Each structure stands twice: as structure tokens, then as C-alpha cells.
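Below: one structure, written as C-alpha cells.
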Amino acid sequence: MGFFLLAIPVLAVLLFLFFKKEKLLYMISVSASICLIIVAVLITRQVMLWGKVEYSSLGGIFYLDALSIIVLDIVLIIGLMASIYSVGYMEEEIKQGKIKIGRLKIYYILMYSFIFTMILALTVKNMGIMWIAIEATTLASAFLVGFYNDRYALEAAWKYVIICSVGIAIALLGIIFLHLSSIGVLPSSDYLDWTALYDQAEALNTSIARLAFIFILVGFGTKAGLAPMHTWLPDAHSQAPSPISALLSGVLLNSAMYGIIRTVAIVNRNLGSGVYTGRLLIALGILSMVTAAIFILTQKDYKRLLAYSSIEHMGIIAIAIGIFTPLSVFGGLLHMINHSFTKSMLFLSSGNILQKYHTKRISGIKGVLKLLPVSGTVFLLGLFAIAGMPPFSIFASELSILASIFAIKSFFLGLVFVILLAVVFVGIALNLFKVFYGPAVENNLSPGEVNTPGLMAIVTLLVVISLTGIVIPNELKVLITNAQSIILGG
Amino acid sequence: MSNYFDALSVLILFSSFILMANKRIKSYIKTFRIQSLLIALAAGIMGIKGSFEEGRIDILVVCLLIVVLKVIFIPNLLNKTYANIEYKVEKDFILNIPILILMCCALVVFTYFSLSTIDGINAGIINTQVVNSVSVILIGLLFMISRKKAIGQIVGFLVIENGLYITALFSTHGMPFIVDVGIFIDVITAVMILGFMVFRINEKFESIDIDKLNNLRG
Amino acid sequence: MRNIVYIVVQILVIMLVSPLVNGIIRKVKAFSQKRKGAPLLQMYFDLFKLFKKNSVVSDVSSWAFKVTPYIFFSTALAAALLVPVSTIVTPQEIPGDIIMLVSVLALGRFFMMIAALDTASTFGGMGSSREAMISSLIEPSILVSLFTVGLICQSTSMQQMMEAMKGTGIPLFHPVYIMVFLALFTIILAETSRIPVDDPATHLELTMVHEAMLLEYSGRHLALMELGAAIKQLVFITVLVNLIFPHDQLIAITGISAVVLSLFLYLMKVIFISIAIAFAEVFTVKFRFFSIPNLAALSFILSFLGFLQYFVLGGSNV
Amino acid sequence: MKIFSASALFQTSILLYLLAAIAALVFIKQQKWDNIISNIICIIAAIFGIAASLMKILVEDMPINISIFHSTIPFISVELRIDHLSAFFVLSLSLLVVCVSLYSIGYISHYIGKRKVGLFNFLYSAFILSMFLVMTSGNAVFFLLTWEAMSLLSYFLVVFESEHEENQAAGTLYIIMTHVGTAFLMVGFMMMYSYTQSFDMFGSSADIPILAKNAMFIMFLIGFGTKAGVIPFHIWLPCAHPAAPSNVSALMSGIMIKTAIYGMLRFIFTYLGVQSTWWGALIIVLGIFSSTLGVSYAFVMANIKKLLAYSSIENIGIIFIGLGIGFIAQAQGHLTVSALAIIASLFHSFNHTLFKGSLFLGAGSIQYATHTKNMEELGGLIKKMPLTALFVLGGALSAASIVPFNGFIGEWLTYQSLFANIVPGQAALNILSILSVAVLAMTGAMAAASFVKLFGISFLGLPRSEQALQAKEVPCVMNIGTGILVTLCLFIGLFPLPILKVVDKVVLNLMGTSLIGQLQGGLLIAYYPLQISGNVISPLLFFVVLVAVILFALLVIRIIGGKYSERKYGTWDCGFEALNSRMQYSAAGFSNPIEIVFKILFRPSRKLKVEGKLAYHPESIEYTTVWESIFEKHLYNPIFYVIKMLSRRTKFIIQTGSIHSYLLYIFVVVLVLMMYNTFV
């Protein structure tokens, strides 16, 4: 089964290379995504059945367990949504003359390479290869960020590649140190194998493991958008085409966070407590939330605003992992899922707004609910959702995380957490709510939606996040609980 | 044996000092080539040693890759890129050079103290080689910070990669082969992408001065 | 039976005495101005005449205008029922207390202010607006001063308070009551449209408050409004005299003669206060409208000081 | 499960609200039917609600537990627990909903074809449902969930007429304030969780140390205070309530802000238990500020709905004063006084629901007929809309706490509890109490003045605009809705005891102390005078006396003056040509004296614009007064300004656009973390 996971994107990329017709490209893309989803469902079932799935091919580096399957499923679902959305989005871009068919081809090739690298990162157990895959995601998405090829896009892409590569390089240093700490403990065939590292965690060299954690945290933290290494994120998210922004925010950040979580599990097991890693994670998490709050308060560009909100939520997840109790880890993983869904929904619907108004500046937009009744509504509700209003799902996970903070009696942290959430909400409300109402702007835009497939995608996401705010399927809960015990041990 | 490695690691560190002291693009590309050569040398010695003692040849293969890619291909590519863009002679660094060199010294000291927490330092597991190579990484980062030109940043990035590689080499005698190869592929792709982007930047901004890329703020 | 006697006595006394108070005040003022002045009973004649006159009603006005005189009058009379003139003639229980008293008067005032707006006349609006201000400013001191007395007497019912005050000797020598007395006296001046707050004799647009609201009334409506105002004035005077100058403890006898004696003493006290009010009117000038808040503040401070004397500063036993 | 148990009735009611919301969406195409159907279902649901809550309070003593659903997500569940207190608030809600929904059938009809009626009705029913659930929720998380849902839904209702800029701004301000308030609640709930390991708000708080309890009290006070609109957290209220459609304003002002009172009683009074006297003192201070400032602002407003909104702040202040006394007395162990005070505040909150509901509905009728909320454009409506005028007058009298309406009874009880709370020897508390008395007195008088202004300027005199001249009486169904509420106001004012008995039962259940001994009487209790510790009032008797006196006066005058005859003639116009509407006192003129007296509060700035060449005969004079809101100017704006400045400055310091600084951050973080590792 696992073979298909990697084969389908590769196949799709090959097909994109050969075909040239617009319709055909759309079809390939959507059907590839659907196939991936089917495969994912089957593998998820396997994982649920056996706890983990291992493959012997290529030296047995492929491995899936509850933690990776959660992130993987997010990748594939958001990937499907993005590819459905892309159909309408790209049609409109071509109609507006912004891009040509040739560019469309490149777009799809890069997009599926991007998805491929992420799948790879999540399905291997060798940390070195995971690192390679994560670095490859940067490279695959670099041109997607710079897709529009103007000054801004180019600038964003340059910063994206440089900062992420440097950050990731530091992560490699961390991985080297982790490797170093295991020398003499693991047999050479198990070098860098994270399951082996985890099993033998108590025997690792503690002082090196601590150092390794620092470098990995900074490295993957850069990719995950933790402040102050977040600086590439708002630029890249705001300049990329909207489906790509959705993928970056909803998927890429999680993959990087996945790397951190794996390391935390190993290092905490080695140290015997979560205090050392917890302090660092919480510090960076709070810093991310503060940064995001400051930037959201007076943000003038709505895609950047959403990007900063991603930083905030990555901070929240980092805090949750840092607390390192069952409840907090559960909340953190749930939050990862919820954030991905909500944020991709927001980026996708913001794409519709962008295509209608041709501006990313908030001040240039008025009367969204009139012009784009569906996307506007989804966007508005999504803003409430992302700010943590019930009955949307983010509220539920934030509640768990907050409860876990208070359960360990760190009131100051809890207070800061709540205040920052409130400040972010204030920022969103102050800046963005005005775009929805009032008459449509004077430059006689006609009301009506353009992206029908996209609407399907975002409405589906809206339904999902509303429902999962109240109840999650039992299977998911089991998966998260399994992942939680993978992280916490025992 | 380890004396040779100590000496090599110091030389590599020294080469990165020189890199930092270089004012012009052409000269630091040259310094980078020399540094890569030193690394290839280290890898070669280690590889020969490995093939004699354990029968591994993967380090040798990697050594070959280094020679091909880092000593020959990438510097040439950078030179070509540099030659292709119209380039006016401008000051390329932010702080002045003596200060930067002093900062590099401080970094080495800092790295030493930072790594001294490791149990058993200087007792076989980890030693001056590692300190030196980690310092190279940090110096590479500092180099990126201190250079305004796009090519300077690429070189800085490559120095970081070099530092990483020798860290791996000196501390763990090389990563698993597949990982090493993967890293190389990544690096080469990254450099190619960056090189391509330098052209674009030159096209759009009429300069490869990275300071001009400051439209996306706040 | 007791209740019916109470109601009859109360209504008779109040209705008969209230115009007299106006007469006395006018007479004293006339004397002070070296005039002979109108007869003491002039207001009775005026009312009688007005009852028989036709009413002229503004064609702009609505039912609110015509209903108001009746409501105003009846609230004044109902208020009078809450304040016994004599503690000898009392019902079993008065179904209302000082809070109710204030609220009942507020009902009358509410309608009076509305009626003034009903005619679309400039003066009406002016009077009503000014009345709104004065009443808002004076209300706190009414309640605080009455509350202070009530708290000492352990009841908010006027009847109980009067009963309790009988046992306090000469209240005016007590720090609490002297403050309350001064406060209540000021309140009377403000509430009954006396100089220095208002001038009942004026019809100059700049100074009118109460009169401005009555400007459009005529005939029986006017009579009811005038009578109501007079009753309201007497109610306040009664509150003052019966609380601060209790007299029934002086009466040793019982029976009808005691009632007569009590009422006579009451009348004397009312006349005394009327003369005092008249003197106050004679010796002051009308304030600028926006100086009235100072007066209100004064009366509030007086009542508040009275409260402080007992409940905060400790005071002596009362 | 018995069919006729309170529990079943409650569940039916909830289901019916749900049905109403769904029906509103189902019939979205047939707007007319949509409106009628969903409102009628709401009415039926509300009637069930009334029955259920009465049954609960009067018959059943054990709290009802309804556990509907426990989610797979930690803490999230749908769990109801209804005790007397919940039932009492549900009673207020349901009563109001019956009338407002009746009213809505007519009121919303003018949206048909112009706006999305189906959407409106969906939001409307869901909003009611959310309030219902807030009052009956069984654990803190579900409370929070429904609380936020309530905020969200009411936000959408506030911005429903979103084409006006000020409505959008009002909505944004509202949602921000309420969300920030909720954040404080959240902290409070979380502290609860951290000490007791559960979100059970009916459990014991014995494990919470006193310091934490104090902190939680502050959190709850700010959180609920924001929702209640208590000064200084009130700034959203005068913007949001007028912005919403009038039936929604009636709900928001009438009952939504009361959920905060419910919350305070539930979480502070019963869960935490009153720990020290300063809690109550703080609440009283807030109450004093709210009632004085609220009513002062109300008086100067020319916008009817703004006036009503500020009046709500005032009434919340009065309720707070009552609550504060209850808290103080509870802390001192004077249980009877405490019970009296809590009864007073609950009763006043019930009354406020009725009269503020009716007034907002009345304001809605005015808006329906004239399309304006501005008093300066109204006048003379009493002849065009006699019924509406009558109802607004009734509501106004009640709101001014004048006998024989219910507002008075509530205020009387508050006075009585203040009275009982003053004993020699506790200096600070006595001063606070007597200040409350003064404040209540002034508030009463100024409220009366405000409502004279509201009624007098908009209904009496000459019409000030074309719309007012063209006004027609609103549909009968709207007047029925308003009328029921006003009749109830009068009825409760005359016969306070039945409903007081209900309140007493609630308080008995809440704190184990009751005044029932003083409120004895069987079926005929309605006719008994109200007696609290020896002080008696009988509004009914007063009313009878009033009527008797009027009849008596009529009789006497008839005898003396003979048959009544009148002559119609114009109002005296000072000798000018003819009376016109511009010669009347305007709303601004009416409130001018107070405005000048309280200059320090309003800081009015006046502008006089004179047009025309001749100095003494200008063509037009325009006089405008602008008030400063001291809280916005001196509290909120500076805070906002500082935060925004900070944000704007830091933004460009952090995200400079220069890649070098970005790399520097990474560099510094690496060094710092390495340092951390060395030293820790």
C-alpha cells in the first residue's frame, strides 16, 4: 500500500510532463488526489489495526504509526482540497490572462513534487531522510512561492529559500548530534532510525542529546514558523497562489512540527522529564504568539494576517507539546488538525476574494458578503473559527491546551495565553470585519462567485470544522490517543 | 591519525576566517573552493582509513562527490553567474572586516564553551575537531548576515553545508551513505535554484544587492 | 373605622389648610413690602372661581393634557394620605412609606412635565426641562434626609417615624436633626417652587419653572393644578413639622378633645413654618438658574452630614 | 420519563426552538410564511418554557439533570442542569420571547423582499436558544460554549442591517468587548479546573485557596460585568443595542445582559461563596457608577434606542447595587438581609426584562412607522399611533420606577435592603449604602426626566418632520406584543406578591433563607400589601385611592362648576404668526440644563452655524452639541492608541524586510539557546 503513496504523486508528475491540455491536467490532478485519499484511508485502517505499518523495501526506512498517519492524512486531505480548488482558481487565472497553459503545467508539477516530498518526510523513519525530504519541500515550493514572478513574489521566494535552508541546515547539525549521541548505543544499521533511537533513548548520551534538541528545535522551528525564525512565513504565504498558501500553512508547517515532536519524544525520554524541552518550546511558543498578536493588530494585508495567525497557532502547538502531559499533547495534536483545516479554508476563500478584488490590501475591499456570498460567509465564519470561537473546532483544542496549562498550575502562562488569544481576536475583528459589509466598492465589480469547485472545497471544510468542534469520530480519537502515547511513552 | 584531522580541521576553520576577510565576490568564491578542497582531503583520508579498516567505500564516494560538486562544479557555476550579471563594484559587507574577524574569534571561543558541557569532551567522543567544525557553521551564518550580495549569501550557505559535513565526518565518521547522498542532492538543487533566482533578481531589481529586497515588511 | 376617620380628617385638614399656607406666605410678603396684600383666603376664592370657568384647551394637545390635572391632584392627595397630620388620628397601618411618597409625587410630576410638552409651546418645554433638572438634583437629599431619620427610628413608614420622634425630646438640639431640619427646609423651598429656586409670582419667561408648565391651563384644570401644588407644599411642610417638631407627646388628654388640640398644635406649627418660608423668600433673591445646583448640593451635604453624625461618626444616643 | 414533568417540558421547549431555527432555513424562499412559522414556533416554545419553569419553581424541588451528549473531545458535552435559579431566568426569557415573537411577526414583515428574512429568523431563534442554554447549562465548558454562541449570534444580529457604517462599527466593538470579557471568564473557569480538576460548577469550591478565589472573583466580575454592560465596561452597549433590529434589541437589553447577572449569582455567589465584604463593596461601587452615569447619558441622548440602551446600563447598576448588598450581608452573616437584597435584584432584573422589552418594542414601532430613531424628527405621534403611545407611556412610567408600575416595587425592595443593611458602627459600608440611596434617588428622578423627554418629545406636540407627519399606527400584532408586556408591568406593579413569591422560592433554594414568612398568604396573596420588616406598601390600595380621588374630584368639580365645557384654541405663540413645530422645545434643548450642570461628565462642545447676511435675521441657525464619552476618550482610546502604536512601531522593527536581520535572529537564537544549554 505504502508504495502507492509515493508512486501516485510521481506518476502524476510524469503525466503532467506529457500532457498539455488544460482540462486533462485538472483531471489528472484531482484524480491523483482522490487516489491518494483512498490509499490513505486504507493505510489508516491498517495503522489502526496494527498500531504501525513498516515496509521492508529500501532498507526498511518506510514506517508509519499513529503520529505520522495523522499528519499524513492532513497532508492528503488538504492536498485534495487544494487540488479541487486549483481547478477553478487556475481556470480563472487563465481567463484573466495572468498565466498561460505552460505555467499551469509547471504549477502542477511543482505542486505534486511538493506533496511528494511531504509524503516522503512523513513516511520514513530515518531522521536523515526525513531531513532531506523536508529540505526538499522547501526547494519544491520555492518556485510555487515565486509563481507570479513579480518583484514581490521573487523577494518572498528568495527569503523563503535562504532562511529555510539555513534553518534546516541547523536542524541537520542537530540530527548529526543526535546521531553522535547514539554511537555505541545503536547498531550501525539502525543509525538515525528514530524508532530505534526512541527505544534506546535512555542509553543515549544526555549532554549531546540536549544540544541536539536545541539545534533541531531552531532548525525545524524555522520551517514550522516559530518566532523569531518565522520571518519567511508571512512573505511566502502572502505571495504564493492561494491553494499553495493553504498547503504551506495547513501542511508544511505541520510536517516541520512533526519533526520537532519526534525529537521531543526522544529527548524527553532520554532526560526523563519534559522540563528542559518544555521550557524552550513554551518560550518559543509564547514568543510566536506575542509576535503574531503584535503583527495582527495593525495588519493591512489579509493574506499576511492569516500568515501571522499561522505563526500564532504554531506557537500554541509548541506550547502544548512543551507542557508534555497527556491532555496537552492530545490538545496539541488535535489543534494541529483543526488549525490545518481552518487555515486552509481561510486561505482558499481568501483566494476567491483576491481573484474578485485583485488586491490584498484590506482597505481596498468592501462588501464581500454581497459580492461573494458563499466565500464571504465562509471567510467570516472562518475568522471566528480561527480566533477560537465555539462551536468551531479550534475552540475545542484550545480549551484542552488551556486546561492542561492550568492543570499544572502555571497560571501566569495561562493568563498570558488567554490574553494573547484575545488580542489576536481583537486584531482580526478590528482589521478584517469591515471588509464584509457595506456596498461593493465603486469599481463596478459584478456580484457572483467564480470558482465553483473551490466553493465545494471550502464549504466542505467549513462543515468539517463546525462538526469537529462538537464531536470527533471515535477513530480519530483513538488515533490521537495512540499518537499521544507514542510521544509520551508508555 | 587524529593529529592530521586536528590540523585539517584547524585549516578549514582558518579558511573560513579568510573567507570572512575576503572583500570581493571572486575572492571568496576562490576561498570556498579551497575550503572544499580541504574537506575533500579530510574525507579522502577518512575514506581510505575506513576502506582499510572496515571495508567501507562510501566515504570515498562522497569524497569524490565533494571534489566534483563543491570544488569544481559549484564554484564554476557561481563564477559564471557572477560573470553573466552586470555588476558594479560596491562595498559588499555590512560591518568592517576587522570587527567581523574578531566576532568570528569570539564565536570559536563561544562554541568551545558551549560544547564543553558535553560529557567526555576531549575523551575520544568529541574533540577539537568538532568544535572547529561547528564554529565553521556559525561563521558561515555570520558570513551570510554580513554580505549584501546574493552570491555572498549562496557562498555563506555553502560554507554552512561544509561545516555540517565536516561535523558529521569528524564526529561520527560520516552519516549513513544514503543520507549523505541525499544531502548532496539537496544542496546542489538548492544552489541551482538560488543561482537561477539570482538571475531573476538581477532582472527585476537591476542589482543583486539583497538590501533592495525589502518591499515585504510589517 | 379608624381608617375612615383617618382618611376623612386627613383629607379635610390637608384640603382646607393647604391654600391657607399660600395665603399666609403672601400676606407676610405683602407686609414686608409695606402692602396690605390680598386676603388670607384669596386662594379659596380663586379656586372657587376657576372651577366655574370654561376651559380653553390647546388644539395641539392630546388626552395627556386633560388627564394630567386629575392625576396631579390625586397624586398630591394620595401623598397627603401617607403623611399623617397628627399621630393621634392614625389608621392601623399606612400602606406606604417615604419611598412610596417620593414615587407618588414623581408620578404627578411626570404627568405635569408631559402635559407641559403636550401643547407644543416653548414655555411648556422650558418649564418641564427645568423641572427635570431641579427634581433630579433635589431628590437625593429628600431621600437621604428622610432615610437618616427613618434609620434612627427603625422604620421607613412616616407614621412610625413620627411616633418614634415623639420620644426624642427636642430634636432640634440634636446634631442629626438640626442638619435634617435645614436640609428639609431647603428641600421645601426647591420642591414647592419658592424663591430662591423659583418665583411663584412671576410670569417672566426667563425665570418661570412651575408656572411655565401651567401656562396653558385654565378653568378647572388650572384650579386642580394649583390646588395640587398647594397640597404638595403642605405635605412637605407636614413632614418637616411632624418629624422635627413632634407635638403629640405634649397632649396628656385623650378623646375628641385631644384630636382637636393636636390638630390645633399642628396648625400652629404649619403657620410658623409658613411664616419662616415667607421670611426666607423675603430675605433672599431668586438665584440664577444655574446656581440652583449649588443649593441642591447644599441640601444634600446637610442631609449627608446628618447621616454621618449618627452612623459614621458615632454620635450620641438619640 | 413522565410526560408532564418540568424536565420534559424544558426539553420540548429546546427542541421547538431548534425546530424554529430549522424551519426558518427550510422556508427561506417563502419569506412571508417563513416569518410567521418560525415566530409561531418560537412562541409555542416559549409557552412551554414558561410552563416548565413555573412548574420547576413551584412544584419540583430537586434540580433537573439532563445529560444529552458527551463528546469524544475532552470536556465538551451537552449537559443541562436546571435548578430554581436557572428556571427563574428561563421564565423571564420565555415571557419576553412570547411577546417579542408576536411583535416580530409584524415587525419583520417590513423586511420581506428587502432582506434575508429566513436568515434573520434563523439567527433570531438560535439566539434565543443559546440564551436558554446559557441559563440551563450544567457545566462550565458548556456554559462557555453557549455563552460564546450567544455572543456570536447576537453579533450577527447586530450587524444585520449592515449597510450603515455605524452598525458595522457597533458590531465590531461589541464582539471585541464581549470576547475580551469572555477571555476573563475563561481564566476564571480554568482556575476552577486547576484546583478542582473538573468544570463542574455545581460542585464544591472547598479546594480552592482564598487567594485564588479572590482572583477568580475579579475575573468573573470583569467577564460578566462586560456582558452586563456595567460601567466602565459598557462602551459596547450603547452602540450595539441601537444597531440591532428593535426586536433583537429588546431581547439583548431585556434578557441577554441578564445572563451576566445569572452568571454572577451562579459562579460567584453560589459556587465560590462570598468570601469577604470587599467583594460586595466593589460590586456596589460598580453599580453606583453605572446607575448614575448610565442615567445621565441616557438623559442627553436624542436617539431613542440609545437612550434606552443607556437606561439599561442604569438598571443594571441598580441590580448590581442589590447584588452588592446581598454579597456584603452574606459575608457578614446577615442572611435575611442578604436574601432580601438578592430578591430585590432578581425581582428588578425580572421587571427590567419586561419594561425594557416593551420600551424597545415601542421604539421599534416608532421606527417602523417613521423610519427614524431620532427624537428631533418626531413629535405628535400620540394622535397617529395612540396605542403605541399608551404602551410606551406605560413602559416609561415603569422604567422611571413610578407607582403603580413594577419598576417601583423592585426599587423599593432595593431601598429596603439598603435600609436593613445600615447599622451604626460600620463606617465605610454605611457611607457606601447611603451613597447608594442617594444614587438610587437621583437615578429615579433622572430616569423619570429621561422618559418624559422620550415620551414628550417623540409623541407629544407637533410633528417635527415629514415622516412623523405621515406616520401610521403599526400592525395590530405588534401592539399585542408590546401591550402584553406593559400590562404585565402594571399587573406586577399592582399585585407584586405572586411573582415575589416565585422569586422568594428561588432565593430559598439558592441560599436557604427566605422571606416567605413575611410574604404569607394563600391564593389571595395577590391582594395583600407588601411588607418587609414592618415597612408596608400597597400599590393596589394606592391605585384604588388614586382612582377614588379622581372620581371624587370629578364629582366635586361637577357640583361646583357644573358641566364641563371647553374651547379649542391655539397654543399661545408669543404673538408670532402661527405656532410651528420649530417653536417647540427640542430634545437637545430639553436636556441642556442637565448637560450644563454635569458639564464635567459630558464635556459638551457646541457648534453654532449661522447662515444668512443679517445678524439678527439669519436664514438658518444650526446648533449642534457633541458629547465626549469620557470612558472612550480617557480610558479605551489611550489604551488602544498605545497598543496600536506599539504594534505599528514594533512591526517594522521586527519584520524589517532585510534578510540580514532575519538571519541574525536565527543566529542569535542559536547562540542564546546554546548559552541556555551551557548554564542550565
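Letters A, B, C and D mark the chains as written, and numbering starts fresh at 1 in each.
Going forward, contacts are C-beta pairs under 8 Å (C-beta built on N, C-alpha and C of every residue); 3 or more make two chains touch, one makes a residue touch a chain.
This structure is a prediction, so every number in the text was calculated from the model and none was measured.
J.: Which number of steps is the smallest that gets you from chain B over to chain D via touching chains?
T.: Graph distance in the chain contact network comes out at 1.
J.: Could you tell me which chains make contact with chain A and chain D both?
T.: Touches both chain A and chain D: B.
J.: In angstrom, rounded to a whole number, how far apart do the mean CA points of chain B and chain C lie?
T.: Roughly 99 Å, centre to centre.
J.: Just give me the whole-number Å value for how far the CA centre of chain C lies from that of chain D.
T.: About 35 Å, centre to centre.
J.: From the C-alpha centre of chain A to that of chain B, how far is it in Å?
T.: Chain A and chain B have C-alpha centres separated by 31 Å.
J.: Provide the C-alpha centroid distance between chain A and chain C, rounded to the nearest whole angstrom.
T.: 78
J.: Which chain C residues reach two or more other chains?
T.: none
J.: Among all residues of chain B, which ones touch two or more of the remaining chains?
T.: Touching at least two other chains: 114, 117, 141, 144, 153, 210, 213-216, 218.
J.: For chain A, which residues are shared contacts with two or more other chains?
T.: Those would be 158-159, 162, 166, 170, 210-211, 234, 295.
J.: Identify every two-chain combination in which the chains touch.
T.: All chain pairs meeting the touch criterion are A-B, A-D, B-D, C-D.
J.: Give the list of chain A residues in touch with chain B in this complex.
T.: 59, 126, 128-129, 131-132, 135-136, 138-139, 142-143, 146, 149-152, 154-159, 161-162, 165-166, 169-170, 172-173, 176-177, 179-180, 183, 191-192, 205-208, 210-211, 234-235, 238-239, 295, 299-300, 304
J.: Once bound in the complex, which stretches of chain D touch chain C?
T.: Residues in contact with chain C: 299, 379-380, 382-383, 393, 397, 400-403, 408, 411-412, 415-416, 419, 422, 424, 427, 430-431, 434, 437-442, 444-446, 448-449, 451-453, 455-457, 460-462, 529, 534-538, 541-542, 545-546, 549-550, 553-554, 557, 560-562, 564-574, 579, 581, 583-585, 589-594, 596-597.
J.: Per the contact definition, I'd like the list of chain B residues that touch chain D in the complex.
T.: 94, 110-111, 113-114, 116-117, 138, 141-142, 144-146, 148, 153, 210-211, 213-218
J.: What part of chain D is in contact with chain B in the complex they form?
T.: Residues 651-652, 655-660, 663-664, 666-667, 670-671, 674-675, 677-678.
J.: If you look only at chain C, which of its residues touch chain D in the complex?
T.: Per the touch definition, chain C meets chain D at residues 48, 51-64, 70-71, 73-75, 77-78, 81, 93-97, 99-100, 102-104, 106-107, 109-110, 113-114, 116-126, 128-130, 132-133, 135-144, 147-148, 150-151, 154-157, 160, 215-216, 219-220, 223-224, 289-290, 293, 300, 304, 307-308, 310-312, 314-315.
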